[in-house]
Amino acid sequence: MEPEGRFSVARVANAWYVACASRELREKPLPRTILGTAIVLFRTGGGSPAALLDRCAHRNAPLSLGRTIRGELRCAYHGWRYDGAGACVEVPGLIGEAEKSARSVPRFAARERDGYIWIYPEANAEPAGEPFRLPPVTGGYTEVRRTVEVEGTLHAALENALDVPHTAFLHKGLFRGAGAKQRIRVRVTRAADRVEAEYIGEPRPEGIAGKMLSPSGGVVTHFDRFILPSIAQVEYRLGAENHFLITTLCTPVEDFRTRLNAVILFRTRFPGWLVRLLIEPVARRIFNQDAAMLKRQTEAARRFGGEHFTSTEIDVLGLQIWQLLKRAERGEPPAEEWRREFEMEA
Amino acid sequence: MEPEGRFSVARVANAWYVACASRELREKPLPRTILGTAIVLFRTGGGSPAALLDRCAHRNAPLSLGRTIRGELRCAYHGWRYDGAGACVEVPGLIGEAEKSARSVPRFAARERDGYIWIYPEANAEPAGEPFRLPPVTGGYTEVRRTVEVEGTLHAALENALDVPHTAFLHKGLFRGAGAKQRIRVRVTRAADRVEAEYIGEPRPEGIAGKMLSPSGGVVTHFDRFILPSIAQVEYRLGAENHFLITTLCTPVEDFRTRLNAVILFRTRFPGWLVRLLIEPVARRIFNQDAAMLKRQTEAARRFGGEHFTSTEIDVLGLQIWQLLKRAERGEPPAEEWRREFEMEA
Amino acid sequence: MEPEGRFSVARVANAWYVACASRELREKPLPRTILGTAIVLFRTGGGSPAALLDRCAHRNAPLSLGRTIRGELRCAYHGWRYDGAGACVEVPGLIGEAEKSARSVPRFAARERDGYIWIYPEANAEPAGEPFRLPPVTGGYTEVRRTVEVEGTLHAALENALDVPHTAFLHKGLFRGAGAKQRIRVRVTRAADRVEAEYIGEPRPEGIAGKMLSPSGGVVTHFDRFILPSIAQVEYRLGAENHFLITTLCTPVEDFRTRLNAVILFRTRFPGWLVRLLIEPVARRIFNQDAAMLKRQTEAARRFGGEHFTSTEIDVLGLQIWQLLKRAERGEPPAEEWRREFEMEA
């Protein structure tokens, strides 16, 4: 039972979302839920991904219980067979033509890009545009990927991923420390499909992660970006040597469940394998702390029958993300562009 | 929360259903649910079964927590005592007459027949007719009984029990094999309270079960029958020697939960005890596969907010069962009789 | 999903309820639910208890996940800090004044009395009156405290705590035995905020507990009292030596969940420690039996979509408790006073 109050739920269906990593989709059909819709993924004869509604047209058995036979999907219950476009190509036992429109199942556009399978969760639709392209892993860079599922709305997950103040409390000691605060400038730039915050004059972060980033200190360049419909990107530079780019591809599984596919790309003066060894346990801990808090936040909002949020100036991107999501959900024209600046302590 | 879409739920209350096996009802009162109604069974002084609403008239404690005392049922909370007709015959502590209509609980007609206790789940009603009689176990026949509960509607369980095509996929290798298909004729006969399919020209089933049925092959006579309100019957003959009659007495526990009491009666050229040894593990596996699929089918239908089924000619009995159930639920006159024939592959 | 039928749920918010024992509230903030409202308790600088809505004004994280810092409560997510009155006194990172009315959280009056923390669960309200005072532990008396949570309405728990007839069945052998019954007089007195039953001519209870109460028999004085909004009190005297006073402070956690804080005060001719040793296992068993039955009673009522109770004269206090609770819930003037007498068997 869904409570009746207000929740930060936006459902943008005409967009691409990561369904799984490429290596997760092999011989066996794979069930995935996007925006509450149960979808089955499989590979067609040529190996390219296909996606259908995970429900046999006959007796509604989940097609993901079935098998892929020469690039087609056979239901486990009565053996109805479907091609990659959702057409029924066999009804075992039936004499005559199997294919009929009433026997087909809705299909979803699918793409394989950058090691992920992307799905466009609007049934039988021609996608507008192509999936977001990940930055390439060029010389000197190392990439780490990590997927976690959180019990929270897409909006809550995005705001959390791009929020600065919580790092000093929820991730105390790991990321931003409790050292003396100083004033920094924040420049927020909103464009048609994105909003970006630049933090100017930020000191090198204290704590374990900060010390790993740059043992010698140095000036920090720090951007937080949201790109429609579901990309959160955090970019850090420390001098010319250190560069961290964390791109989180969010997938709205259900209204209160979001899957985060984080791609951490970095270059430092240390060997990539070493930094990776150091980063992974810290990243895991940060993700776990965020996931636990998002779960408790969601429980509280549901228990109280809705969200009752209060914001201040330093909730830098949350409201902008929300406005962009709602515009996209309603199919409104791109948001106007603007820039503003203010100060906060960090 | 029940989804709002369409579900194949029919509730025929003015009919007899198996509540339990005779041997399950002893000294202790036994709780059972039929058509969503909580019922308590117990044995009266003479040993005959009685059934009351499982709710004390006083403070609504389940009477099934209580005890049977000399053929009457005493509530475990305050000790109110009821006879087999649901009349309150004692209120401990109260001075004066205990019996009053407001203190009685609704009763249900109960019968003990063929090793089962049958209940008529319409409260305080006089039954129209008597329970279905099981075929007697005559010379040369062996009987095996088995009860399973499945998460599916009565209709889904009945259709599954009488469906031929799924056996080649869901029960692959156990029942019908993947051998070369051949055309067979199907003759469907609908009568007032039943519908029957006769499969003409069917080859001996392949697979383990088939080989057990008749090692030497032979012509098969095969009938599938539905008898109102909840009997599924499958009959096989191979020549003069082998005869299998599987009668499944279904009980609608709740809308999406059905209890199947299967009575397997058979005669072969082998000793009964030996065939029984071979049949039991195969039957258990078939039941488990059906139960697992019905559960997944139900989950999918509920998740999608309703059933979206498509049928073909070879869904031989499903639609007929549904029409008969709905007629009975609405109290409409018996269905017209007809016969039709068509071909399928098996 | 809450069923739609009638349930004995009364919600009296303008009253004091025990939230926890004094010793349970230390350094860590403590979450408690009263009348369905999530409340966080903590100790302010001086050590006195404070209670706020358990929801940060910022992003609704439960404040009970946070920490008490010098008598103020800091949220674990972004570090917002609140004083004991619910005012926001710090928003980390924000330049300028933190305190604003939109950033405060509702507070609840709290008192520490007799080893319990009491909460007045009406947000931001001035309490009418003070918490119920427990009888003092004077010379020769021993006190035992015990807290249990039951799945039942406040009304069901109160009626159960003050009901005589069920003790002979649910607690058979422990409390009242199955010995020969005799007639006793019951005098019921209703006053503005309470109702009391006096049992006159009651024999010494049979069973283990009865024998412990008074090995030599003797005349029993027995009162059962309900005091608004949630106090159940049972008082027994056997001659001049033995005196038992069981005061149960009930807290309505949610509509179908009630917390019982029982304070058992007694004086006998035996040493207190010895009686305590004998009483504790018996009391535990009685509480467990009552909790199990209340749970089953609640399940039955919810399953059947509401309560369908029938009462008799010997349901002495249940209806009176209900009327007093409903008057209090509706804010009606105190109930009229009266006295009546009748007979029952015990």
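By letter and in written order, the chains are A, B and C; residue numbering begins at 1 in each of them.
Heads up, the rule we're going with is that a contact is a pair of C-beta atoms (placed from the backbone, for glycine too) under 8 Å apart; a residue touches a chain by one contact, two chains touch by 3 or more.
Treat the numbers as computed from the prediction; the structure is a model and nothing was measured.
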Interface residue identity across copies chain A, chain B - same or different by half: different
Angle of rotation relating chain B to chain C [CA atoms, steps of 5 degrees]: 120
Intercentroid distance (Cα basis), chain B paired with chain A, Å: 48
For chain A, residues that touch 2 or more chains besides their own: 1
Residue ranges of chain C touching chain B (in the complex, touch as defined): 1, 163-166, 168-170, 181, 183, 293, 296-297, 299-301, 303-304, 307-315, 343-346
Residue ranges of chain C touching chain A (in the complex, touch as defined): 1, 38, 54-55, 57-62, 65, 74-79, 91-95, 102-103
